[in-house]
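Here come two complexes built around chain A, the first alongside chain B, the second alongside chain C.
Take a look at the complex of A and B:
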């Protein structure tokens, strides 16, 4: 079971207190984009074995959205951070690098 | 005007703790920027300050709890709520904020006895044994959201939505059934 720490209220709780929101850091492609970009934005999702970035909501607590970096294979959580970011912050990347040296952040 | 009644009109149950629906209680939801000057000023006039995350501050008959980074809950007498809403609304008129009387949209329960923790432990994933006094813990009670805090040394208070009050009363009654204690004494970690 996942244990996440909400960066908004500081509570560490287990998975059932949160609601999952899918992959983090998606770039939106709107009405004027190409069909391929729009389809990718709507449907194409990463499904890695290993490091993954996700959106979560503290549904039964403070109600705020946040991001989590975790490993899909071991359920290890590398860290959680504010939802108002467009890419993983440097300190999170550093923490992941320390534990998964072979992992490279994607552009 | 019709008479105000609380969700379960003070229903009580005597198990290994006493479960009571607390009757009419005033609750005011305040949303907005918790660092804004007008809010600080308005709260100061009531003898209150903005609590730190998850903390509770009290003054005379008012209790103010931190609910989320942009939300506070003011607990007062039911009869005082309307006046307080007016006072706060006019103080926050010029800021982007919301003051709403939610007294009749919520239900408040009190668990009184030697082991109120154990009633919550069976229902919630939160680590209630380590919940400090003066902290408001919003969590899950079986299938519904609730906010739990220690309101006295032998008492835990609990707020939930009015629409699920009957469900919560049922949960608490089952959980507090005599003879269903989890252990005799408080755990050493608390």
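Take a look at the complex of A and C:
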């Protein structure tokens, strides 16, 4: 079972206490954007086999949103961090690089 | 290829069954094929089969990284039905059901198709109205389904508790033509027929890259070297996004785990397929006597082919209330498959931004039932450039907002 630590309240709990919220750091495109950008924002997903950044909510706890870095091929969690970020913070990237040296952060 | 028949069984019985030949060849890959299909699951093999049978294209290779039918084809609950709400879905799923009806004869391979009837229980007022609407829609589509009362449900499935209190049965959507088939046999039957037409089925060979020449596909790189092709069909379910990235485009797909499990074998107790979508559980009995139970998907991206334990508990707990006799059964095995979910829960059969590359994916939790229809439509798309069955399921529907919305209408599970 997947175990996550909520960075907002510090509680470590099993996945049944959290609600998954899909890919993190999506760039939002609004009404004036091109069709391709809008489609990309709404539907196209990286869906990688490996390192994945995603949103979670501590639904049966503090109720707050946060981000997690996780490997979809092994379910290993590299770390969780605040939702108020537009890209993975340096310490999370460092933790991932330590375990997946071949992995490169994407723009 | 020697045909399977009663005479063949009798002949082999006389000589210690020493004369059976391998069902399909395992050849070395050639340098070049007209069409390469990536993925030797049901959908990939069916695509290859109908390319040969209907369109006469037999210069085809089916490349598989593992073994044949070892992905979702061998991991599902083998349910076959076509009672969908939207016209485009009903058309392709009913085509699949029609092909299943004649498949054993068509392939000369017993796929054990068993049209034992299928019930979708309405266990809430919302579901009751939804399924009655589906019955009317099916009537207009020419797909025979009916709405039946709780009493009739009890007649068909005596072990079902229709009274509740938590999940009372208010009626059911009944498709008499629905049922099950032997999942492995579907893959094996198609593989044997493809091999017999001269196609190469190349197992234990992983595609590691897709080569392009400008905007056009040139071939694939595999663990056994480079292979050229004119057309490439990506039919890899849960790994569609990985292959799409190799080809240089993204798909509106997320891969999640879906689980199933079986009980210890018991005497025949239930001779229809029952789906209880409110609690996300399906139940049918296999020919071996095991109760085959399917559950819901996880909500997070996952490539590990194993799901979260709590789904097993939740689904089994709910089914015990509906089928009290299963409360003392031990569950024998549990397994997971990686399903490719689209936003509208409908598949993608489409050309892609790269000329010559086609995708057949997004079948999500409902792939097995559609294998023959999917292969038929995909073969037509590759050979002719257009297929009426596949037309609505193209990639552009996400850009244009033309969703084929089965997620709200049919319940997430299908």
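FYI, the second predicted complex is superposed on the first by the 107 of 107 C-alpha atoms of A that agree within 3 Å, B and C clash if a C-alpha of one lies under 4 Å from a C-alpha of the other, contacts with A are read in each partner's own complex, and residues count from 1 in each chain.
We take it that a residue touches a chain if its C-beta (ideal position, glycine included) is under 8 Å from a C-beta of that chain, and two chains touch if they have at least 3 such contacts.
Just so it is clear, the structure is predicted and the values come from calculations on it, not from any experiment.
Student: Determine, for the superposed arrangement built on chain A, whether chain B and chain C clash or fit.
Tutor: Superposition result for chain B and chain C: fit.
Student: Taking the superposition on A as described, I'd like to know which of chain B and chain C A:16 touches: first, second, both or neither.
Tutor: Both partners, chain B and chain C.
Student: If you stack the two complexes on chain A, which partner ends up touching A:42: first (chain B), second (chain C), both, or neither?
Tutor: After superposing on A, A:42 lies in contact with chain C but is clear of chain B.
Student: Should A:8 be classified as contacting the first partner (chain B), the second (chain C), both, or neither?
Tutor: After superposing on A, A:8 lies in contact with chain B but is clear of chain C.
Student: So in the superposed three-chain picture, is A:31 touching just chain B, just chain C, both, or none of them (first/second/both/neither)?
Tutor: Neither chain B nor chain C is touched by A:31.
Student: At the CA centre of chain A, how far apart in angle are the CA centres of chain B and chain C, to the nearest 10 degrees?
Tutor: 100
Student: Name the contact category of A:75: first (chain B only), second (chain C only), both, or neither.
Tutor: After superposing on A, A:75 lies in contact with chain C but is clear of chain B.
Student: Tell me which of chain B and chain C touches more residues of chain A.
Tutor: Touched residues of chain A are more numerous for C.
Student: Looking at the overlay, does A:62 come into contact with chain B only (first), chain C only (second), both, or neither?
Tutor: In the superposition, A:62 touches chain B alone.
Student: Looking at the overlay, does A:101 come into contact with chain B only (first), chain C only (second), both, or neither?
Tutor: In the superposition, A:101 contacts neither chain B nor chain C.
Student: Can you work out, in whole Å, how close the C-alpha atoms of chain B and chain C get once everything is superposed?
Tutor: The answer is 10 Å, the least C-alpha separation in the overlay.
Student: Under the contact definition given at the top, report the residues of chain A touching chain B in one complex and chain C in the other.
Tutor: In the superposed arrangement, which is not itself an observed complex, chain A uses residues 16 for both chain B and chain C.
Student: Please give the residue numbers of chain C that touch chain A in the complex, ascending.
Tutor: 239, 241-242, 245, 250-255, 298-304, 308-310, 343, 398-399
Student: Would you tell me which residues of chain B are touching chain A in their complex?
Tutor: Residue positions touching the partner: 53-54, 67-69, 71, 125-126, 137-140, 145.
Student: List the residues on chain A that touch chain C in their complex, please.
Tutor: Those residues of chain A that touch chain C are 1-2, 15-16, 19-20, 22-23, 35-36, 39-40, 42-49, 52, 54, 70, 72-75.
Student: Please name which positions on chain A make contact with chain B in the complex.
Tutor: For chain A paired with chain B, touching residues are 8-11, 13-14, 16-17, 59-64.
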